[in-house]
Each structure stands twice: as structure tokens, then as C-alpha cells.
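See below for the structure under consideration.
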Amino acid sequence: MQTEALLRSPDIVVEPTLTVERLKAYYTTKAFGIDRDIRAVDDISLTVAKGEVYGVAGESSSGKTSLIKTIVGAIRPPLHVVGGTVRFNFGGQTYDIYDLKPDELQAIRWRHLSYIMQGSMNVLNPVRRIKHSFYDFAFPHMGLGRATFWDRVRDHLRKLDLDPGVLDSYPHQLSGGMRQRTTIALATVCTPEFIVADEPTTALDVIVQRDVLTMLRDIQRDLGSSFLFVTHDMSVHATVSDRVGIVYAGRLVEEADTPTLFRSARHPYTQHLVASLPKIGDTTRRASLSGRPPSLADPPPGCRFHPRCPLAMDVCSKEVPPLVSIAPRHRVACFAVTGAPS
Amino acid sequence: QDISNLPRKETVIIENPEGTVKNPGWFNIWVNGGGGLSTGLQQLTMDTLWYIDPDQGINGPWYNSLAAEKPIYNADFSEMTVKLRKGMYWSDGVEFTADDVVYTVQTQIDHPGMVWSPLLAVSVDSVKATDPYTVVFKLKKPNSRFHALFTVRWNAIWIMPKHVFEKVEDPLKYDFANPISISAYKLKNYDPQGKWYIWEKREDWQRTPLGLLGEPGPKYAAYVDGGPPDKKTIAQLKHELDIIHDNTPEGMFTLVEQSKSLATWFKGFPYAHPDPTLPAVIFNTQKAPFDNADVRWALALLIDIKAVDLASYRGAATLSAVGVPPTGVAMPTYQAPMHEWLKTFELDTGKSKIKPYDPTIPTQIADMLRKQPKFKDQIPTDPTAISNQFGYGWWKPDPKAAGELLERAGFKKAGDQWMQPDGQPFRIRLTVEGDSRSVFTRAGTLITQQWKQFGIDAKAEPTTNPWQPMQAGDFDAAIAWSVETWGGDADLSFFLDSWHSSFVAKPGEVQPARNWQRWSSPELDKIIEGIRGISFDDPKGVDYGMEYLKLVVKEMPTIPMMSYNVFASMDTTYWTGYPTFPDDPYTDPVPNWGNSRLMMVKLRPTQP
Amino acid sequence: MAAYMIFVARRFAQLLLVVFLGISATFFITHMTPVDPVTESVTAITNFGKSDPEAIELMRKTLTELYGLEGNLFEQYVTFWSRLVRGDFGPSLSAFPTPVSQIIFRALPWTVGLMISATLISFTIGNTLGALAGYYRKSRILKIISLGLIGLQPIPYYVLAFILLILFGFVWPVLPITGGYEMNADLNLSFALVLDIIRHSILPAMALVLVGAGSWLTGMRALTSNIVTEDYVTFAELGGVGSTRILRSYVVRNAMVPQLTGLAMSLGAIFNGTVITEIVFGYPGIGTLLINAVHAGDYSLVLGLASLSIIGVAIAVFLIDILSPLLDPRIKAE
Amino acid sequence: MFTIVRDLIRYNIEFAVGFAILLLLIGAVILSFFSPYPAADIYVVAPDMPPDAEFWLGTTSRGQDNFWQLMIALRNTLAFGLGVAFLSRILSLVVGLTAGYAGGRVDRVLMAINDSVMVIPHFPILVLFYFVLKDDMNWLMLVLILSALGWSYDARLIRSIAMSLRTRPFTTQSVYSGMSMRKILVEEHLPYVMPIVFATTMNNMIWSIGMEITLSVLGFTDVDTPTMGQMIYWANSHSALISGIWWWVAAPVVAIIVLFIGLFLLSMSMNEYIDPRSRLNRMGS
Amino acid sequence: MSLLLDIDHVGKTFTQGGLLSRRSIEAVKDISLQIEAERPEILSVVGESGSGKSTLAAMVLGQQLPTRGRVLFDGVDVASIRSGADRRAFMAKVQPVLQNPFEAFNPLKRVDRYLFATAANFMAATGKPTRQEIEARVDRALVEVGLTLAEVRGRFPHELSGGQLQRTAIARALIPDPRLLVADEPVSMVDASLRMSIVNLFSSLRDRLGLSIIYITHDLATAYYISDRIIIMKKGEVVERGNAREVLDNPQHPYSIALKNAVLTPDFA
């Protein structure tokens, strides 16, 4: 509880910095006769307000990484965007990610939009010292003289409780936590307005994880940036995110403010996620979900959760439930909640 | 572009077949120290008492070089007296005297390890200068051919400059870095990497035996590493290499076709010079079944020499059915009379009597070649020219007779395969010299193919160095030569003496050089002893020679095939005067011979 | 630092062991050769001249004694090592009494000079093109150049060398076709000499580069196309780092470690390509020496040359081993 | 298997070309058994004939039909290259996998041997072997010797992969399933090093065939077995390059180039097939 | 009372060759720990990264030999196991469960191969088992974890979900009828939704089969949820040990307290 209070941002300005509309992105594997689409992002719409921390949760392979790769325009074949738009609003100006020329996109990167990749243990060039990465990534964006630039970098590191000595280290000389923090420092040194982080704390131990989360939160508060934050760990979302969207098999199935989501989730999948979280001091038996996650190449028709859903109805296997607002800032996609279509 | 900074018109560039010399700064020719021999060193700066040219020579094949006259033996050949020329000078201005000769002999005897030390040590009892121009050798045992040691065929014992070597502590370790010359040229420069040597005409060239024959034409003579045959050919087409030592037959044909300024020994086919060496199929006669003359004859009768000739020399061979090379003085002296004798020679196979000799083979080859448009005009029609260029004749292939001979030797044919008397398949491994003499490999491959077709398990085995297995007796048969003659002199002792049975090694032991076939015969011993007992210029020598030739026809210890044809050629852009047959066959055109120094005297600039 | 020194010392001990084993193996192999240096010398001496069987026997005995070949194999082995540790390869047998080292070191600079420059040039060309081809996978020109170089690579070196020689020495005679410098050259160091040497080295070097560059190219291309999929490259691309910089500091820099190991190996093994160069272009060097020595059964010289090569490769590997922790900070000195 | 090949041919132009070349080679190999002339026999046809309808690739100066010589030489060279590649791959696999998996003393001993082999200069040793073995230096022997020399560098590569495989959890799983070391190496680890084995096979073949040619040109091999090297040797000893018999040299050279381009394309596309990362790269383009 | 596992003052030192600094790391310092044969239990080992948990597990499994002290299993010193037969007998009693189910199976091989191999290798005591015996044993083990052979047979790892894979891995470990499972972070790579099914499986295995399980984890919540005893490690030492619920409800050592505080609790209820 204290943690929550400590970490939670007090006020949320309601002006979307990011607007995602009907976004679809598929992995198309055409070669060798196996002709198929993996619908990793399937018709997702969401907005992120200025200064908001938006969390994306969902089990492994549900398409979280694909979603945010699409959002930041980091797509590589075979992933490609099939439909929808991604618009950022930086300083009153709108940038449509898939309408920009490569050099325009290059220009907003890092300056306005930073991306901390999943598995960021390996994102630093292993054979060069860390300062070179800072120089390569940030120097062209900051328009500062060399000396001022390095002063700024050192200040930034100190602010994040990192010894500026890390600049002279090689990545492998740092522990996992340090490396993750350095990557975060690298992603934030240009004070971007929008930060995207994919599983920044997975594979860190609890104490380090807490440090890193605190640091992220501090940065976010300092810069007033928006955060798009992906992890499968619900307890992290509980701690960090202002609002959480639950992704199941490439679709957004529920979205609500964090407390709402944890207290009164409506989608059966979300309910299950919340209910299965063990807590210290609580030994009541937790049920586990049967079945296995659907294949995105050949997802079940209708609601993708229906084969595992305790509340499944006939219609669920035939029609796709739309994401419907059932309360202010609470959307859910489930016929059992919103009622079957007539 | 120029390949040197020498005045091209005054320089003759000659291939040295030794290629790259391993230890280029070593000029002490009396010690085998890795230096080159035919870098020009032995041709242009060395000299000794006499020369016998493989061909006609300038005033006859015999030339008294540092000696003033022929050797003088006492009655029982145990003493040889030499009269020396006067007025011959070393290139450093010191006069050549009898002391140099005595010193040469004595130093070598005193230093085992020097090249000619053993030869001298086993023959010379004592050597003395009775006056500055007379040397007397006392021999350990009578030796009617002792002078041969000092008579250049390819080389001989070269005379050492006493005044240089006597100052040296150990002549075995002395590199003779500034070679003092007793001939018309002296060292100008050499490549420390061993690729070229440049010799310059001495100002006092008249004071040398070579100079006595006339003024040498080229001011400079460069002996160079010619590289692989194709490259030599290219270099000669570019006029960058005046004399090629030896080429592939095809390289020679290419030159003939493309060069407008080529001189060769024979003007037409086969162009090459027949060396006084006799490539033959040499049997290891100590090894069964090659100890049986019937087997050897059978194998000879299985060879279709026309095919072998075409395969090895593309027809450019000079054939010989008898045991002397078909070249030089041997043609009138031995080949022609033997030709007549062979026409009537009969061979008894046990079942039938055949006349194996076919005198028409050279004509057949000439006719065949004439059909090829490339060579049409170059093939002689005159019978003498055909004999000179293609040889007199050879054995007719006769598989039937061969089979009968084998049967007489106890062989049996089982299916397609001939079996030895002991029941084992008849297997022959024919050792051939691989990369350096590809014509031998070609010939060997074809011969074994012919044997194989007859049902013998035969295979050619190329070896880089056939002398090794031949010395060790570790072979069935080989293509190589064990016959070498003077070329310009009819005396056969040059090789024949070492065929005496006393020199034949026991099986398994190392055979001293020459009689690779390890053949011993009381009749041959008698011939050899006869030759030993007469003087080298005794006309009886030729009679002994004929006896030898008839003997080896009957016994066939080796199957003589042809002369070793050397595809030497000269580009005449800068120089003329190359020896050619029959116009002016004054010397062997192959430039690594010591005798080839005569070319220097004959070469004249083409362009003024 | 101390740890590094221990590591270096350990590697050095390993180097010594490897050199010892390698040279010993070569010693015994060379001494197994049926070619007897004495017989060889005797043949060389008597091949063309008058020979007398009795004298030849005497010569054989004398030479055996002179060349010091009387002891048994083990004794010779001990002598060999006791000399070698003093840096002495003994006298050459086919060029007795000239020391092997003198013969080798006369030719060595040429081989080393030509092979090192040719290797470095093909390394540079091959790796540059390979990196570009791996990074810009769609480029047509690069594809064609790569395929061209890869196609040249298997052409037998002898044939390629000869074609070059015919092209540039005969058809369009712009380059000298033989030797390391012109005949009768003044070998005192001068500008003209250097020019002359360079002119003579162009053809042989070109032949070596043409066949060598292809293999560097394939290696580098493969490495590069692996490295471009690494996270740190993707991250740098997303970070807006310029593509030249990515290619240079991220891709090539990471690929260099294995390539440099390969470079060290091929520099150490300069023997292998040199023989045919020397034969075709008449270039000075140790290749011809080796063939000569083998033909002549000159074990001393063969051993000298082989040992040199073994030491060369071993040292190259050693250097790369001790330098690679500095090149690639991830590699730990174990 | 069949469908994979079919799809590879359809979607991967490199593979298709490589595969076509492979078929061509196989065709040549099969054809070579139907040669009307024994391989080593000479003067069976008129020499020096340029290519025409009767002699597709002309005839050699040794009176052999160049086409049939080439077919037989291709077969022998392929067998030679594959033989060396196969044997040396086995050596490097055994050493590399064992050293990487076993670690410790085994690793040290194996690597000491490995490094000693690595530093031995190939060329002098081959030339020496030729002298030591003389007549026994036949084609099979050369395969054995080259195999014995050509494995060490690749063994090191394989070892480095094996070392990381050893720490992979599935190795532990296999150990606790009671599998023997041999079984783990052969069945669990081997598939992972196959890509590198493929890739090194090509280099190894270039190396061994190149060595064979070099040795042949220098006259250090068995002249009775027609191979690419032997063809060039004979062509060279008949000065074919300068006497205008170009087809005699061109045939083996073109064949070798085609052979290697084929091998190269195959190994490249196989690698892409095996390594999903580069496969995915391609599909985007 | 006999001890199933007796970890007796065990220590493990690694020498790590840094390039410029060679240092030795005491991964485990003097740890003693016993599990009684008669009382099956789940023993949780928690602690920060690098505290030596995995090293301890490796020593129990005989993969690493202790530098100091002894590990006795059923009274036999693990270090004294030499022969293949001894090793096999040991492995029949102690089996591992690995961290990442996706990594624990060779992606190029079918999953069932490990099951059949284990059965074939560890049933050998009763003579060479027939195909049917093997399949029966495998099926029984799979049923134990809530799967059947029919579901698993012929499948490749990528065809199974993480939970299925992890359960298959556990089933494999059960085939030799082991006494002890060593599970090094068996759920840290598994989704929240699957995590509980594995953890629940552990407690049911203990209850039904009488298996002891060493459960290594970062996750204090699941440790609290299933374990009987817990030890908390820091820098190779045990800082606190005891009944799991007691220790976690009321940690004493400062490090244990910090650890507990770092746990993020989704406490909105």
C-alpha cells in the first residue's frame, strides 16, 4: 500500500499524446509453402494521455511486443502493418508514424520518442564502451557542444543514482540491473516526451526490480513524459501503471484504471489473472486456467478466449465481441458482460 | 619493356635450366655447395685440358683447350703426360701454369668431400709438374681413359686457380665469391636471389683457350631462370629470352608457328637436338622375371614405338633400336652399320623365328606427320634426312611372338591376364620421372597402356627423382638412360666401363651410378676389358662397340627407344650464329653444356 | 594485470608445447623420407660427368661423414634440438656447408613482403565488400561483385596466375612477368629500386588478391548478416544512429574478432600460397627453396623452413590469443 | 523432405540455381560411368581437336575425349573433395563436440593436439608425405592426409558451440534422462552444429581441391586418376595454354567454378533455411 | 531418524578469471541443511540474484562438487560417485526441474524422446523393459501431472504450451520414482496464468507421492503459498531459516525484511 502511494503519479492530464486506431499488424510468413499470417496485433485502438503510464499486460506470445513495436514504428519484416493508424502529438504537432519519411522519423526518435527494447540486456554494443553508445545515440539529437554534452550526460546519470564511471565500462562488466538502468538512462537522456518500455524488469530479482521501477517512476515524474509500459507481471502493473490494457491473443480484451482493474475486472480472463496472484499471508488455493494459449496463426473464431472461458456461450464462438465502454475509462470485450448481440 | 639495364644488343640472354639457384653466392664449383653450375660458370669461366664436342666442334670434335696437345700415355697406360698451352692467363692477370693443374689434383685428393676428390683419389698415385708447362700423372693402376676426367663432355674436372685457393684456409668452406676466370668471360653481377647471372667478356679474352677460337660476340651473357615452359615460350616470343634450354614439344611447335625469328637445330621437324643420351626402358635385371631375356624381349615386342613417339614427343623423336644414342658421330659409326645388321637379325621365340626389326618405321612416322597440315612442309622426304631426324628403325610390334616368348619363360595366360611361372599375376611398375621430364611420363604411360592391353598388370609411376629408386634397386623397370656417349667421339668407354660386372651391386644394395639395370654378363666384361686395353683413339674401339651393340640386342637388358631430344631454340632478333644441322652443327645447341661456350665465338649481332 | 601476465605466461607455455610437438612431428616425417641427401649429392655430382663406381662408393662414404649423418635417428634428433635452441638450423645438406639460416633468410623477406601485402590487401578488400554485401543485402552491384569474387576464388591459382601473366605480360605488355626486380638491378636501396620492386610485385600480388579476397568476402558476409540481426544493431537503428556509423562501429567492429583470428592464421601460414607464385612469376622466395630442398632430401633445410612456418603460425595464434581479450572485451582470459 | 526441397526451389532462387548445378553434377557423375574410353588410356581419339559435334569439348593433346575426361575427373574430384570434407568433418566433430562437452582435462588434451595440428604447415607436410610415401601416395592416401590436416580449425569452432550447448538446460535434461555422452553428442548436440558443418564443408572442399590442384600442377600426385588437378597437370605439361588447346584448360576451370558456385549457393540457402533469422530477413524482401 | 539429504557445512568457491583481475568468488559459504527421509517436504530457497541458490542446487544434483564440506544423499557422499552405475542409481533418486520449460527441451527433437529415454534407462533394474512397459510408465507419470501420453506423443516443444512443457518436464523427472526433486526457479519464466498450476502440482506431488522438493525461487509469494520450510540466502550464506509461513510473516533478519518489502503487492482489495 505504501509502495502504491509512493509510486503513483498524482494527477493525470487528459490530452492524448498517443492515439492508436484500429491497428493491425501481422507477421506474414510466405516462404517455403507455409503461407500464413500471424495476427499478432489485431484491431487494437487505444490512447495514452500526456503524463500517463499506460500498462499493457497479457501472457507470453499474446502480441504485446508486436503491439508496441508497431506503435514505435520498429517493424521489420516479416511484421508489417495491415491497417490502422498510430499518431503522436508532440508539442502540439501531430506525427503519423506511418506517414513520416524515414528521416523525419529518425528526427523524432530519441528526441521525443524513446524505446527500451525487450531483452535490453543485449542492446548495448558489446565491444565498445558505454560512452560511445551515449555519443552515437544522443549527441546528434541534443545539439550541444561536446563538453556540455558530456556534462549533461553525467548529470543525468547522477540524477538516476548511477555512477558516471559506467560510461567507461563495457556492457558485460555491469550486472544485469546496472545494465538495465544504463539502458534506461540512455533512453531518457534526451528527455523524450514519450517512453516505451518492453518488459524492463523481467529477469531481474525482486530487489533490483524494485530499484528499476522506482527509477522509471522518478524519471516519468521529472520529465512529465508519457509511458507505455509492457509486462506480463500483474503485480508490476499494480505498482506502476495508471491504466492497464489486457491483451489476449492479439486483441485488447479489457482496459481500465489500475485500481478498477484489480478490484472489479469484468472480463473472465482478467478476473482469472487477478485471482491467481498469490500473496504473502494468503494461502488460499489458487485455481489455474485450463487449456493453452491459442495459436495466432490459426486463432479460434469469435472470441479468442472462448475455448478456455468458464462463461462461454454459443455466440462467443461465432462473433468477435467488440470492445465496449461499460463505465468511464473502463472498456471490455465480452458478450457475457456487454450482452450478446441481437 | 626492358628486363634489364644492360645494352640489349650486346647481351645474349640464355636460359639456365637449374632455375633458381639455391645458394647463389656459391661459385666454388669444386665443392657441391648449392651454387649453380650452368649459370655460365662452367660454360664461360671454367676451363680444363681437353674438350670433345657432342657434335662437330669448330675444328673437329676434339679440342686441346688448356692442354697443348692430346694426352701422352706410356705403354701400359700407368702414366699420362700433359703438355700445357703457354700464354693463358687468369682473369686477374696471373698466368696459368702446370702448378695450377697439380694444385687442382692434389687439393682434391687432400680434401675428401670435394667433387672430384674420389675420382682422383682412386686413380692418381702422384702428380708432378716437370716444368711450368708439363704435368705428369702417375696412376695407381693402368687406365687408358684417365684423360677423360679432364675432357669436357658436359663438364670435367675444372682447373683451380692455385693462387686464389692456396690462400684459403679450408677450400671446402670457401665460396669463391669472386670467381677468377680462365675463360673469355668473367662475372659481372648476379642475383642474390639466384635468378640471373651476368658475365662480361674479358678485355684480354685472347689470352684464353676460348679466345684462341675467335672473338666472342656478346659483350654480356646473362643466364636466367626461365620459369615453366609456357613462360619461356612467351618470353622468347617477346624477344626477352634468346636461347631456351629445353621446352615441351608443344611449346616448340608454338614457337615455330608464331615466331618469325626462330632458329632450331633441325630446321624442320623435330627441331630438337638429339642429346647423346639414350632414354630406354631399363629393367631391374636382378629381379625376376626381368632377369630373363625372353621376358625383356617380349616386353619390347609389345611396344608400338610409333604411338610412343607420338605420345611423348608428338612424333619429334629420333628413334634408336640399338644401345647408342642416334646422334653425332654415332650415326655413321654405329647406327648405319647396325641398321644393315638388324635387317637380317632373327629372333627365335621357341615356336617360330621372326625378324623383329622394321626399318620402315621412321618413314611411316614421317608420312603420318606429313598429313598434319601444321607440319606438312617441315617433314623431310629425303631418306638420309629422315634417318638423321627420325632414326633408322625400330622393332615391329609382335604380340604373337611376345606371347610365345613369355610362354617359353614359363608364363601362362589365365583369361585376359598373364601369370608368372609362380602363379602370380605379371605385374610391372614402370618408374618414370614425373614433372621435370614430362616426355618420359608420357612415354611411360603409353607403354604401360600397351602392356596392359596385352594382359599385363602394368602401371606408370611418376617419381620426381627416379635416380633414387634406381640406385637402390627398388624398381621393376624405369624410363631413364644408362647410356651416354661423347657424341662427337666413337669411344664408348664413357658409360660402358661402369657396366663391368665388378661394379654391379648385390640385390638390396645401392648400385653405383650408370648400370641401373644391374646387368652383368661375362661377354660384356670381355668387351669392356678389351676396350680398357686399347687407346681411346684406337680404331679397334669401334669394333668392340659393335660387339657390345649386338650383344645388347640379343640380351635386351634395356629397351633403347630414342635419343633424349632437347627442344632448345633461339630467337634471332639480336643474335645469329646458333648451331644448326646440317648447315653448321658446330656444337650442341643446348646451353647448359660446358661445350656450349663455342656458341659465344659464333654468335654475331643481328642488328648493326 | 598480474592475472593477465599469468594468462600470457600460460599461453606462452602452450605456444612452446605446440611448437615443440609440431617441429618434432616434422622432424620425424622428414627423416622418414626415402630420399637420401648423400645419394642426391652423388647424383648431382655424377649426373653428367664421367663416373667411376669405385670412386662413387668413396664419395658416398665421405659425404655421409661430412654431413654428419652417421648417428641414429634419436641422436640426430637430440643434436637438432640442441642446435635449434641456439637458433641454429645447422648446415644445409644440399648446399653444404652454408648454414640453413643463411639460405632461408636470404629469400624470406621476399615471401614475407609479398604475402603480407597481398594478404592485407585481400583482407581489406574482401572484408569491406563482405561487410557491405552483408549489410546492404539488396544491392545489385554488391551481389555481382561478390559473385564475381566468389567465382574467382576456386580458379586454380596456377591457371589464374598464368592468365594474368599472358594478359598483362604479353597481350597488353605493361607489367614485367618475371623476377622481383629487373636484371642487373642495383640492389642498393633507392627510389628507383623501390619502384622497380613494386612494379614487379603487382602481377603476383594481384593474382593472390584475386583468389584470396573471395574467402574473406564470404566469411565477412556471413558474419555481417548474422550481426545485423543482433539486438544491439536493431537498437542502434531505432536510436537513429546513422547507417555508416552502424556499419563501422557496430557491425564491422564486432565481426573483426573472428576475422582477425583468420588473418593471423593466414599471415602465419604464408607458405601455402607462395610456391606457385614463385614458379609462375619467377618471384624470389622460400617456396622454390622448399621444393628444391625436398627434392634434394635436404632435411636440414626442409626442417628449417617448416619450423619457421610452425613458429610463425604458432606465434600468430599466440598473439591473437593474448590480444583478443583486448579486442573483444567479452573474451575472458581463462 | 521432398516438399522442403520443392518449396526451396520455388521460393529461393539461389537454392534453385544451386540445386540445378547439383543435379548437373550428379548427372555428370552418373554419365562418367558410361564413358566409352577407359579413364587413363591415351591416344584413343585424334589429338588436339577443337570442340565440335563429335567431341563436344574437343580432344586433348593426349588423344583423349575432353568431355569424358571431364566427366570422370568431376566424379573423382567430387569424391575427393567430399571424402576429405567428410572425414575431416567427422574428426572435427568428434574432437570439437567431445572437447566442448567434456571440458576440463579432456578439453585441454584435445586442444593441445588440435593446436599442434593447426600450426603444422600444410604445404611442406604434403610435399614431404609425397616423398615419404612415394608410390603409395595415391589418391586415397591424399584424402586421408588432407583429412588429417584439415579438421583442426573447424574443431575449434565446433568446440565453442559445444561449450555453450553444454550449459543449455536441455543438456541437463538429457543427462538426467540417463542418456550416454555419445547419445547426447550425436543426437542432441550434433544438429546444432550442422549449419557450421555445412558452411565449413564448402571451404574445406575449396581448400582440398585447391591443394590437390596445386600438388598436381607440381607433379606430386598420382597421374593415373583423372581429376581436375590431373587435367590441368596434363594440359600444362602439354603447354595447352599457349599452344591454343584452350578447351583443355577451360573445361576443368569452368567446371570448378560452376561446382563451387553451386556449392556456395547451396550452402548459403541451406544456412538460411536452417537459421530462421536470415530466413525471415529474406521473406521481407 | 535417517536423513534423505544431509548438506554438511558445504562451501563452493569459483575462481573467476577476469582479464585484469582474477578473483575467487565464494558462491556458497558454509551451508548446512537436512531433509529427513520420513517427512517429505517442500523446502524453498529464496534470495537475491547471485546469492548461490543455483550453485547449491547444482551441488545437491551432483553437477558441481563442493570445495568444502559434504553432500550426503541417503548416507552416500555425492562426491564419491564415480562409476556410471552409481551415477545412474543416484539420478534415479534425485531429479531436476529446470527453469525455462521452453529451453528444457531440445527444440529440434520430440518431447516424448526424453520421457522414453528416462523410462528405458531407469527401469533397467528390472531387466530390459518392453516397449509397452515403458509406455505404461510414461503414461502413469504424465497422468500424475495431469497430462496423458496421447497429448504429448510425437509433439515438438513448440507445439506445447509452457505449462504443458513444464508439466511434461516434471513428469519426466517422476519416471525413475525419485525421492527428491530439485526445482531451480521452475515458474519464473512461466505466465502468471500457468504458474499456479505448476505450484499446485508440487504440493500435490508431495502429498500424494511423498516426494521432497527443493524449490528455488525469487518469488516470495509462491514460496509462502506452498513451502513447508524456507531458507533465505544472501551472498552464499543462509541469513534466516525456519517454517516458511513464520519466517515470511515475521522476518527477523534485515535482509529478509528488505526482501519482503521489495515484493510488489497488487493490494487493491
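We call the chains A, B, C, D and E, going by the order they appear; numbering starts again at 1 in every chain.
Just so we're on the same page, a residue touches a chain if its C-beta (ideal position, glycine included) is under 8 Å from a C-beta of that chain, and two chains touch if they have at least 3 such contacts.
These numbers come from a predicted model, not from an experiment.
J.: With chain E excluded and the rest untouched, write the groups of chains still joined, or say one piece.
T.: one piece
J.: Measuring between mean CA coordinates, which chain is farthest from chain A?
T.: The most distant chain relative to chain A turns out to be B.
J.: Between what two chains do the most C-beta pairs come into contact?
T.: B-C
J.: Let me check something: if the centre of a chain is the mean of its CA atoms, which chain is farthest from chain E?
T.: Comparing chain centres, B lies farthest from chain E.
J.: Can you check how far apart chain D and chain E are, centre to centre, with Cα atoms defining each centre and the answer in Å?
T.: Each chain reduced to its C-alpha mean, chain D and chain E end up 47 Å apart.
J.: I'd like the Å distance between the centres of chain C and chain D, where a centre is the mean of that chain's Cα atoms.
T.: The mean C-alpha positions of chain C and chain D differ by 23 Å.
J.: With chain centres taken as the means of their Cα atoms, state the distance from chain B to chain D in Å.
T.: Between these chains, centre-to-centre, one finds 45 Å.
J.: Taking the mean of the C-alpha atoms as each chain's centre, how many Å separate chain C from chain E?
T.: A distance of 55 Å separates the two centres.
J.: What are the residue numbers in chain E that touch two or more other chains?
T.: Not one residue in chain E touches at least two other chains.
J.: What parts of chain B, by residue number, touch at least two of the other chains?
T.: Expected reply: 228, 230, 234, 464.
J.: Two-or-more-chain contact residues of chain C, please, as numbers and ranges.
T.: If we look for residues of chain C contacting two or more partner chains, we find 34-35, 162, 166, 279, 329.
J.: Where on chain C does chain D make contact in their complex?
T.: Touching chain D from chain C are residues 14, 17-19, 21-22, 25-26, 29-30, 32-35, 137-138, 147, 150-151, 153-159, 162-163, 166, 215, 218, 222, 225-226, 229, 265, 268-269, 271-272, 275-276, 279, 290-291, 294, 297, 302, 305-306, 309-310, 313-314, 317.
J.: Using the touch definition up top, name the residues of chain C that touch chain B in the complex.
T.: Interface residues on the chain C side: 34-36, 39-60, 62-63, 66, 92, 94-98, 103, 106-107, 110, 162, 165-166, 169-170, 173-174, 176-180, 182-185, 187, 278-282, 284, 288-289, 292-293, 295.
J.: State the interface residues of chain E toward chain A in the complex, per the touch definition above.
T.: By the definition above, chain E touches chain A via 48-49, 160-164, 191-197, 199-200, 218-222, 224-225, 245, 248-249, 258-260, 262-269.
J.: Tell me, which parts of chain A touch chain E in their complex?
T.: Against chain E, chain A makes touches at 1, 3-4, 59-60, 175-177, 204-210, 213, 232-239, 258-259, 262-263, 272-274, 276-283, 285-289, 292-293.
J.: So in the complex, which bits of chain B are touching chain C?
T.: Touching chain C: residues 1-6, 19-20, 22-24, 26, 31-35, 112-113, 115, 117-119, 121-123, 148-149, 153-156, 172-173, 175, 188-189, 191-196, 198, 222, 224-225, 227-228, 230-231, 234-235, 237-238, 464-465, 467-468, 471-472, 494, 497-498, 503, 510, 512-515 of chain B.
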